[in-house]
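We call the chains A, B and C, going by the order they appear; numbering starts again at 1 in every chain.
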Amino acid sequence: MATDIPHQTTSETTAGGELVRFEKVTKRFGATTVLDRLDFTVSQGKHVTLIGPSGSGKTTILRLLMTLLTPDDGRILVDGQPLDAEVRKKIGMVFQQFNLFPNMRVLRNVTEAPVHVLGLSKDEAVERAKGLLEMVGLGGKLDAYPTQLSGGQQQRVAIARALAMRPQVLLLDEVTSALDPELVAGVLDVLRDIARSTDITMLCVTHEMNFARDISDRVLMFDEGRVIESGPPEQIFGAPEHERTREFLSAVH
Amino acid sequence: MKTWDWSYTGHVLPDLLRGLLVTLEATALGSVLAFLLGLVWALALRTPTRWVRWPVGAVVEFIRNTPLLVQLFFLFYVLPTAGITFSPLTTGVIGLGLHYSTYTAEVYRAGIDGVPVGQWEAATALSLPRRRTWIAVILPQAIRRVVPALGNYVIAMFKDTPMLAAITVLDMLKQAEEAGAESFRYTEPITVVGLLFVLIAYPTSLLMRALERRLGN
Amino acid sequence: MTTGLYELLFKGLWVTLQLTVFSAVLAALIAFAAGLARLSRFWIVRFVSGVYVEFFRGTSALVLMFWLFFALPLLGWQLAALWAGTLALGLSYGAYGSEVVRGAIRAVPAAQREAALALSFTPWQRMWLVILPQAVPEMVPPFCNLLIELLKGTALASVLGIGELAFGAQLVRLATGQSAQVYGIILVMYFVVAFLITRGMRLLERRAKASVGRVPQRDRTTAKRVPPGAVGPGVGTIGGGAR
């Protein structure tokens, strides 16, 4: 199965090197400062989870990386390069609301970008897509339209779609919050598999603390636009130092 | 006054039906032009350059806010002085298509705005090129939801085709007029023309409403 | 063009404005009558008004105008051209307007009707005191669009020989042969009138909304949320190069 799973190790990125770097990044929306001179790095192959109360700026980080937003100040480096449309191709994203293209069948949702962005031949893209859809357990739904699938299935297609671009970094934006409770497990299982069996770098925002504990190498606790505490999951969940972290964790549990 | 003359009605009917064909032809060709041009306007109004947006917006507003009949006269009398000569029907089709393109542009705009923001974001996340995003993701979704609205403008255009009679196109109204001028009886031909319009427009509008309900949910 | 010919155009403009006002008043009366009738409790009233609306929305305004002018006399009534034009425009646009009236009334939340019922208002009072005051401000923007369509529709009256703007232009064209200039001028005249109507109606809308205690949206188009990538070089555009 591991062979199906995308991973990419280019010469510049040696394992353990820095892949994502935020330098004093500030983002404001009107009068509110969502990110305040934020510094943090994510190393190659690591799985980092952002937790914190809503409105604390977690999702903003993902949207900045996706260039859906631009920072007001500071720099963002990915793989050592400043973020632009070209560098963005190294990043994949899975959205809370899936955002599958409703006008395309499942298979084409997954092949569209590899064909038109990476320039893969149709056959190559189809082969890659089939492998990935098989992996997320939807090998039988290639010809379905997104509306014919359950939310959990749609989200798994969205994961396959993101992976088909062979990103170095996968951004996961509360990927289970729009799902009915009984569908959450299937999606998390797929992500757990990917986290274990590949060296893809993951940056997730989630409210699923068990999942965060399970897959993360490092957890960052956010509050009011800053990282107030970070460390391995055992430390953050087991013995949080900061008062706000303790409050937050007891509130979500 | 004499009452309704059935034999006269039967006598003019073939001419009126020939006129109906011209009317339908003008509507069909005018619609195609309006659909295409309207899309051009809608996309031009979204370009980042003000130098495209502003003039296109001004022209569209101007055409939409002035009478089609006068625009037809303008095309009919002015184009030949510039050395451009079209048949009356072609002139009429251009007039109809141009006029209604300013309405379809608005329809497309609403349709494009109606595509959820998440679709743009997903296309960005996949680094799809701008062109591809429009062609493969946005427009297919936008156009699907505007079909009923476009259909309603086809009906409106159909009802406006009698104006082409004013620039000598032999449509239904012109046929009725000529029949009337010959026999001094306008009642029958014009009543038949009016009824034919209702007979075609009403069922079509019912169809559009049904379509609207189906696509709306 | 001589001043005499300009005078002809302005005379035409004056007739166009008269025709617009007369038929707009007629259309508004018909719109409210038919719009309310379509919401009647009695099926026969709903049915008759429905037939009227569907028929006049279905037919062509120009054909209707011809019919009233040429066909009606043979059935015994002779209408002056100006009245045939006014009647045709009023009947057509009244049918369109009735849909606006009906839609706006139906858009008033059912809870309002129930509250009025709970206060024992008569049906007439419910409509007049509670429903209509809330519905009318909603009608202003679509009525504005219809009024501009009506203004454009007045040009049809030229085929009946009514001396409005398009007819005046035809006379001047025949006199001078300067078709580009003549039609250019009257197109601008129509546009200016349409512009003034839009402005006036916007003012009216603001006042109507204020009268029911609502803050008017300043501009619907700017208030609209624009998807990223849809407009301009803003955030999230694709293929926009380094940022």
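Just so it is clear, a contact is a pair of C-beta atoms (placed from the backbone, for glycine too) under 8 Å apart; a residue touches a chain by one contact, two chains touch by 3 or more.
Just so we're on the same page, UniProt names per chain: A = Amino acid ABC transporter ATP-binding protein; B = Ectoine/hydroxyectoine ABC transporter permease subunit EhuD; C = Ectoine/hydroxyectoine ABC transporter permease subunit EhuC.
Computed from a prediction, not measured in an experiment: that's the story for all the values here.
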item: Chain pair, most C-beta pairs within the contact cut-off; value: B-C
item: Distance-maximising chain from subunit C - centres being C-alpha averages; value: A
item: Chain closest to the assembly centre - both centres taken as Cα means; value: B
item: Distance between chain centroids, defined by C-alpha means - subunit A, subunit B (Å); value: 48
item: Approximate Å spacing (C-alpha centroids) for the pair subunit A, subunit C; value: 52
item: Between subunit B and subunit C, centroid-to-centroid distance (C-alpha), Å; value: 19
item: Multi-chain contact sites of subunit C, meaning residues that touch two or more partners; value: 228, 236, 238-240
item: Per-residue multi-chain contacts in subunit A, two or more chains; value: 67-68, 85
item: Of all residues in subunit B, the ones touching two or more other chains; value: 116, 119, 121, 124, 127-129
item: Interfacial residue positions of subunit B with respect to subunit C in the complex; value: 1-2, 46-48, 62, 65-71, 73-74, 77-78, 81, 112-113, 115-117, 119-121, 123-124, 127-131, 133, 159-163, 165-166, 173, 176-177, 180, 185-187, 190-191, 193-194, 197-198, 201-202, 205
item: In the complex with subunit B, residue positions of subunit C that touch it; value: 54-55, 57-64, 66-67, 70-71, 74-76, 148, 151-156, 158-159, 165-166, 169-170, 173, 179-180, 183-184, 186-187, 190-191, 194-195, 224-233, 236-240
item: Partner subunit B, residues of subunit A touching it in the complex; value: 66-68, 85, 88-89, 91-93, 95, 97-104, 112-113, 116-117, 161-162, 165
item: Of all residues in subunit B, those that touch subunit A in their complex; value: 116, 118-119, 121-122, 124-129, 132, 136-137, 140-141, 144
